[in-house]
């Protein structure tokens, strides 16, 4: 498992999710802290492409051996792509949470929501 | 009186001292006085072991079991022979007395049995995913209905009238809770009416429930019925009798999504209806929605092969209100009997047993159909059970046979009012040709006698 | 799947516990068999005439080809890789692992029971129906609710029955209620059952004593609440002394009060759910009433209900007719219907009935008294120095038949988790307590010694726990890597869940 890290180029949601913004499209995933608390992720249940997600609400589930957790959407929008590779290799969520472990790409419905997210310094400060 | 406790007076004193209270009574101080029973339970006094044995022996002696009569009673549970090695193995304390295998390091025996059982059920049904068993047959149908509800959320379930009445009633009971309605598809010529099914299908149908062979013993054209249901995107649930699966096409090869069934005839006793086990197998895509326990293979820290309960996030202790089912027990001991039985039969034995049943059933069916006053209720192919219609009052006929030590089968009129004098006759490998002949002769006499009685009464009143 | 690799750690124990793992399928040899079919004594017809080829299998199910001696040896050796109650202490909280009397297997196997067909005419099954009726009466008396259905097959099935009769009760009065309250300490089956019964789960908080937070209950109880599901004593082993007030609140909004009988072993003959105001209770015959657990079933989960719920009980009911005979009553117009095939797990009823007749009224009460005595004694032993500072009681008071410890200080001070303690207990030949339940206690251990254990066993267990803690103080790695003496060591559960292999490839 990789060491703790919180890349500067990402934005963070307090429920331990990250977003990478590229125009009106964002990529979502969970943070190092989230995957560490979960332990070995054994299954990722992605949403359907085309479905709507709402900021602050669950859009997918990750399972470790003995826990199921909702993954919270940092921003609202429409799912345009899911990381199909996680079906076979859910461990990427642990091994590479900001890279191969990305979960979905979303076309944002309201780019102004981006302003509500935290930068790396603020997010990590809240982790204590 | 037996208590199975071992706390002597001296023990009690020492233990109370250690706790720091002066009486056992003080340990119940949290229970308000008003809620105390304040009297002894109104139950008989305890008895010594030999007295309890004698009492239970006397009760058991009041029952007429398959030991006491020649029984052709089936209708969901069968008097199949239970080989002696099963008793010898399942009475071992290591299988009889552990809890669910929560600590896999000291439960490898039980976990491996589950894995072997799952393999056997997967082979029988032709479906890749089997759980470690559920309560029994009809509730397995209910559990399958819930899986369909979780899968597609549609509101309507269609159930063939050929499905065991207990399964249909159970499905009705539980689906009322989770909000589905059950609609019955009638039978025609002893099998599910394909045209009626097609007329009832629609894109609001969650699942079609079939039984193979059906309650009247008929072999259904499962593939054809399945194709019709799948055309509207419904799941197909098939309740199967496991012994005929030795010779019938496995449901997995017919497009069935979920195969369930009553496992009693696989090495389990009749026990007046239970405990037995229900099997539950499904297509790969349903693996994360399966109810119940599943054992999976893995390795330990030293690389040794081992087994664990797996995919536990489906289960109620983790997912709670989002669980795929509330079932937290398998019928581990009964399923163990099942896998021992299937190993005892073996690859060839299961087929031989099925073929023997087909031949003896065909013989019995022909023999009975030849009797004056008996007609076949349908002419569909059968494996081990068939239905006839008597031209006489069935209760009276059954009573006459009982006095000769023969139980001719199940009276269909209780569940199928359209067949008030129908009789469902089941064969097991324990019923020989000589016994079939005895049944035929006794039935012939009884039917003739009843018709004569009725004839006389009719004549007298005319 | 290849065979095991050479173990890097030598494993102690019996030779069979070190067996190379082979399934029965891997022992299969072409041509071997155990079964010999009875002779074909009827004229043979071509199979195609009897069952058209299109309905038949083309390839046989790949069952193993093995002889009887091999089957016996395979499963006997496998059995040696299991720990069991007849062999050692099993203080698994909430599971009531009490002794399984040996008489019960003998009486259950009497042919009049074992070979009795479930559809036998009631007239010819009088002994079985009398036994079931006797068990109903006894369970009704223990519960303080006279109307009993033996049909449900397990505790969770009893819960489902309980909520379905609740639904039927409300619907019969023209009400469609939507919510069921469960305490946040509830066993996971409770919320799972609520969803299956078509209700929404609403959680009720717990007060500092482990009981229901009555104010929170009052705030959440409204006319949409169908039922409150409760266990008393609760999953923390604490008797909720506010039960009368709780019942008043629940009944005040017209809801039913459901008693999860998982913890009945504490109160038999002492207090009764019916007298506490409950409407519905389920029994776990495999807990308080000695049905062997069988490695995870079979069990049985009968329910008893109050007068107002009685009309909705499942079909059929076992009844005693005026002439003294016993019968199955199918004509129950308000019944929820059937929950399973036939009449229930009769074989389990035989064992539980034998148990109740062996103990009688006095014996049942004594069983509960000693269960509570044993639990409090074990708790007292674990409160001593060397243990209590690492494993404090979650609730520092007298317990009922089970109690909860928290491993949080142990984790903090010694660097071993509850899981590690549990695994190290395996090396001492003891089954660990229930771990990580109840959820609201950090690093929880739930211990239930039951009445059938001796004082010496409890002393020994407390000594083992102290020894493991002392050992962890010296070297926590020992517990962290335990167990060492079991047939396998810690298993890769994540690997099993990621890419499930759930059958032998053939």
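A, B and C are the chain letters, set down in written order, and residue numbers restart from 1 in every chain.
As a working rule, a residue touches a chain if its C-beta (ideal position, glycine included) is under 8 Å from a C-beta of that chain, and two chains touch if they have at least 3 such contacts.
Here the structure is a predicted model, which means the values were calculated and not measured.
Visitor: Please identify which chain has its centre, taken as the mean of its CA atoms, farthest from the centre of chain C.
Guide: Measuring from the centre of chain C, the most distant chain centre belongs to A.
Visitor: Name the chain with the Cα centroid closest to the overall protein Cα centroid.
Guide: Nearest to the common C-alpha centre lies chain C.
Visitor: Counting in whole Å, what is the centre-to-centre distance of chain B and chain C, each centre being its mean C-alpha position?
Guide: Distance between chain centres: 20 Å.
Visitor: Could you give the separation in Å between the centres of chain A and chain B, each centre being the mean of its C-alpha atoms?
Guide: Between these chains, centre-to-centre, one finds 46 Å.
Visitor: Could you work out how far the Cα centre of chain A sits from that of chain C, in whole Å?
Guide: Distance between chain centres, rounded to whole Å: 39 Å.
Visitor: Which parts of chain C, given as residue numbers and ranges, touch two or more other chains?
Guide: 493, 497
Visitor: Multi-chain contacts only, two chains or more: what residues does chain A have there?
Guide: 42-43, 63-66
Visitor: Could you say which residues in chain B touch two or more other chains, in rising order?
Guide: 312-313, 318-319, 322
Visitor: Inside the complex, what are the residues of chain C that reach chain A?
Guide: Answer in residue numbers: 436, 493-494, 497-498.
Visitor: Which positions of chain A touch chain B when the two form their complex?
Guide: Residue positions touching the partner: 42-43, 45, 63-68.
Visitor: Within their complex, state which residues of chain B touch chain A.
Guide: 288, 312-313, 318-319, 322
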